[in-house]
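Heads up, there are several structures right after this.
In what comes next, chain A is part of two complexes: it sits with chain B in the first one and with chain C in the second one.
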Partner chain A sequence: MGDAASDIQLLNAFIVFMNFVGIPAITYGSQLALGALGLTLVYGILRFSNFAHGDTMAFGTMITILITWGFQSMGLSLGPLPTALLALPFGIAATAIWLLLTDRVVYRFYRRQRAVPVIYLIASAGVMFVTNGVVRFIIGPADQRFTDGERFVVSVREFKAMTGLPEGLAIKTTQALTVVTAVVVVALLFWFLNRTRTGKSMRAFSDNEDLALLSGIDPERVVMVTWLIVAALATIAGTLYGLDKTFKPFVYFQLLLPMFAAAVIGGLGSPLGAIAGGYIIAFAEVIITYAWKKVLTYALPESWEPSGLVQLLSTDYKLAVSFALLVVVLLIKPTGLFKGQSL
Partner chain B sequence: MSAPFLIGENMTGGYGAADILHDCTIAVDRGEIAVIVGPNGAGKSTAMKAVFGMLNLRKGAVRLDGEDIGHLTPQQRVVAGMGFVPQTANVFTLMTVQENLEMGAFIRTDDISTTMEEVFELFPILREKRRQAAGELSGGQRQQVAVGRALMTKPKALMLDEPTAGVSPIVMDELFDRIIDVAKTGIPILMVEQNARQALAIADRGYVLVQGANAHTDTGEALLADPEVRRSFLGG
Partner chain C sequence: MSTRVQSSGAGAVRTLLMFIVVAGLIIGTGFVQSWNTALVILGLGLISSIMALGLNLQWGFAGLFNVGVMGFAALGGLAAVLVAMPPTPGAFAAGGPRVALALLLGAATVGAGLFVWRKLPSGALRALLVFVVVLVGLVLFRRVLDPGVAAIEAVNPASTGYLGGFGLPVLIAWPVGGLLAAGAAWLIGKTALGLRSDYLAIATLGIAEIIIAVLKNEDWLTRGVKNVVGIPRPVPYEIELQRDPAFVERAASYGLDPVMASTLSVKLLYAGLFAVVLLVLLVLSQRALNSPWGRMMRAIRDNETAAAAMGKDVTARHLQVFVLGSAIIGVAGAMLTTLDGQLTPGSYQPLRFTFLIWIMVIVGGSGNNFGSVLGGLLVWWLWVQVEPMGLWLMQVVTSGMADGSALKAHLLASAAYMRLMTMGVMLLIVLRFSPRGLLPER
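Moving on, here comes the complex of A and B:
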């Protein structure tokens, strides 16, 4: 056994790691980050924890799916890319209308009452149930698949043929699409918040509401623009998640926990924090629920080869990981990594 | 003498049922600095907030340039030409100095670069720190950002609520010098001050309030020389 052989072993370990941990976690993290960004924007501007966010994602994804099916039956497609991308703008528009409607019917009332945040939170739980009911009523509670186009950017077989290694690495189209979309969306969002007059006025409103009013910033306009952005973020995050896995309303409701954990870990109200938090949660979930036997077998000397699966927790406990992290952060550093409270 | 440029006349009212102000009159004219002083709880800040429309007046009137603005909200008064610098939380802490100034000019649709240049002329340190978050600046520098933000609307009158609260004596002198510079540009300045002696020294008009009513009104110089004022609250 020379050095070259052990290098190959490490390379194999790395490829297995990337295939089963790195790439899935980066993908899932990007989806969580987009979701957490929406939560953090609502928290920073409207100053409440929006429990309806997971179901908002489900609503936007549902509309996108329905339009996608329509396009598919009309024979429209994007070639190798999923048709859902074409339907996405319609999903965003419908979600924007839905969010503005809930704001008009529910949240605006409490804004005029100058209600405390906990009242908003409970009202948002109500909005959550209604949205959830609407989604189940329209598309049903079952799993829906709507992915089409090319399945892989790089498949395991192609990778093995390319490199001649025993272990393969696959990159799904939906994974590549998720990461690229997330980067573009985040770049656009930060450009908007830091460079445009409206974006700056949103940050000002989040920073110091009284002084923003004194400066002539119209709060209703800030709130409206916030909902529009949240609609876009939620629909994009939901559609990417659905493309990558499947669409099931209940799963989207459950996503609320990891998304909140991500936003809190990063610091509620901090967009940068939401992104960091998304990846932290995703990596923690995948690392803790992955069976490390294969990676360790490659990476460790033969005599240390593990006999068990080396899986810290069963994947059923995925949500427990976010919950535990959430509790730890609230105990140790309640303001989060990036000191939240404002944009 | 013609009517002053900005005047709150015979103001009576408070935040709730009980009146804090009793027939109180505060005014400032073009190119002047008017200072409101008085013991703690005299209603100094309340009087200024009344002029800015932050509490309901049961009696009295507020006029800007001869126009009755008593029915306007504080936001509408900003549009009408009043600049207000609150005592605390008067900057956007997470935004840069330049962004603070831009937000100050939010209601304007014309080019703001000349006004920003004028603010940088008045407060040179702000030009140096323009890319830094306002929350990272020292107390004195923050106050300059706060005043600069209010100046960005090109106000016809500027109101400052205790601009030197919580800064060191050296910074206080420096801030007063800057405020005199602002007044020299022709903007009438109405301010509430805790540091009565220094404030009256730069005041064209001084108002001593006691229990929400005018106790003494004169030029700053005359008030400083008034034995009654000295004895009762300047401390001899």
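Moving on, here comes the complex of A and C:
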């Protein structure tokens, strides 16, 4: 009798946990992983940390939003799914053009000069400024909402009706969509990198540039393909983040830190590492800034019930979590978990 | 030695000419727009020059990429509040000891974690123990801190609700700001220097964001986004000058009305103070650049491997110059908050406080102290002037469009963002076509 009751309590604790920690962290982690993948690819192939990446995401998302609004006014929709999915290919194409343009105008020159990485870094800061200006010029600095379609896959009320439990579990459409899209995109990316000729030449180029050049790989082609992939990853990551939360250009700039942290934790230049890093950062952030009172109230015996909120850090400091993890990794294992390109 | 201060005759002439051009721009602003505007630009331009000087020490001398200028400047701003604001009556008694104890506990937690890490052999046990120590420490820290913070913030929250400062003259805050920034820089440098150059960039980007987050959210320390206003000034208030008969008389003898004369005088006094600090730092930087230490720094920058082979401790020298440069930025940050008379944590934007300073250093000429000062003044002037220019350009572009058209309204409203684009394009152009900047290193 007592056992069954405590089992139910544990189940409730688990549901609250999933609702407020598990599902949001998986969603956010997927978004970070896609963003960090873009960073790590640029690092692996072009060999610099791209400070413009956050703003590239903002650019791609902006184009997607504009096209989405166009479709919405034309009455196009995907039914339960957000219209933004229809607009995504256009956003990716525009971002690809923008990135190839910046490469042609900015980065290619330094590649020919074989400039040191820090010069690229400064150049990417210049690109960041310009992209930032373009985005604010076109869509402004304010919040934009462009989510439509069905809001929930499973809503709290449906879940309660289904299970009869006092605690509910909600899965937003955007959350489900994020995870599904991330899985598909990552699978496609790894298939491309491991199975196709172009992908293999990219990996060869990343491992050893000189050797790759000797074996006849065209560096400009590798760089171009990299930018195309980065455009797709950045636009998808940005759009998913915008659908799930909200689109605000400055927030995308701030995503740079967790994305960098994810890429470094996994090992800069390692795609697998970027994905792992994304989830590590997301879970750490949510776990440390979540108020655990409700979960603990269910999970612990009544006499242990916590009095406070049991929140380790206020959500205002979520950036501090990625930073702390970054510092720990730099101190202990600077090459990252998956042995990125070392020093 | 003195001949080496100015590298060559041609270089000196170029430097002089460039400074005359910038002086002309600022004086021209005085004639065309107003002297008030010109002096506002000059004051902030001088502060920007000092920040650029600090960044140049790191980047120009040593090749270190610091993306955290904003954070170090904000620490300087915090110093202005902590030094100059009067203490809030009753606030320390309400929660001060608790907060102090909590901060000690926090430090002890970090210390204990490090101790366990160092003493135990590596393995799962060590990781687990460190985790437990940090977790317990964090929980204790919050348990002690939170009631103290609540008590402090409850003290007259509408106007204070924070600890206040020491009520000392605000000029003392300038060196204190430097010290705060130096401390933060030491922590970051210890972590990220000696690794790949990108890591310092990423780490400084992070610390800057976190410093701003602390200033925004720790109301007991800075009032957060409620801002601290009315920081005491090092110069007289306009209203005092206007009440002073001697001042009014002197103003009249120049043909100025008292109100105008007092605003101009106050701004001139500020500019004078800033210019003194800038000159002192410029002389020191110049001497450092031409000293054996400066030559060593540049040798390390140009070839780390060779310098290390010659027995130089590259990481230690990098740490030294990184701390020094950040301290200068901290001083400038304190000066900025002094000039504003208020600390507004919400106003710290990375584009304005970090990347704009970078543009100043690169446009002025990396590695050349005079170049940084020039870049600071010139780029700041541009930053201020590009906005009206952008608006004017948009008005010309849209003049053919029908009034009330959505596009016209949008273009006019967005003109402010032209300045970001202009700055980015300027950085890219200088970096590509004139990477040594307006005043090349040598």
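Please note the rule applied: the second predicted complex is superposed on the first by the 340 of 343 C-alpha atoms of A that agree within 3 Å, B and C clash if a C-alpha of one lies under 4 Å from a C-alpha of the other, contacts with A are read in each partner's own complex, and residues count from 1 in each chain.
Methods note: a contact is a pair of C-beta atoms (placed from the backbone, for glycine too) under 8 Å apart; a residue touches a chain by one contact, two chains touch by 3 or more.
Keep in mind it's a predicted model, so treat the numbers as computed, not measured.
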First, second, both or neither for A:Asp210, with chain B first and chain C second: first
Partner contacting more residues of chain A (chain B vs chain C): C
First (chain B), second (chain C), both or neither touched by A:Thr297: neither
Partner chain in contact with A:Thr246 - chain B first, chain C second, else both or neither: neither
First, second, both or neither for A:Leu256, with chain B first and chain C second: second
First, second, both or neither for A:Ser201, with chain B first and chain C second: first
First (chain B), second (chain C), both or neither touched by A:Asp316: second
Contact residues common to both interfaces of chain A (with chain B and with chain C): 343
Chain A to chain C touching residues, read off their complex: 43, 48-49, 51, 105-106, 109, 117-119, 121-123, 125-134, 136-138, 140, 253-254, 256-257, 260-261, 264, 268, 308, 312-314, 316-317, 319-320, 322-323, 326-327, 330-331, 334, 343
Complex contact set, residues of chain C against chain A: 63, 65, 67, 135, 138-139, 142-143, 146, 191-192, 195-199, 201-203, 205-207, 209-210, 213, 216-217, 350-351, 355, 358, 362, 413-414, 417-425, 427-428, 431-432, 435
Complex contact set, residues of chain A against chain B: 197, 200-201, 203-204, 207-208, 210-217, 342-343
Contact footprint of chain A on chain B as seen in their complex: 74-75, 78-79, 84, 86, 89-95, 99, 102-104, 106-107, 149, 153
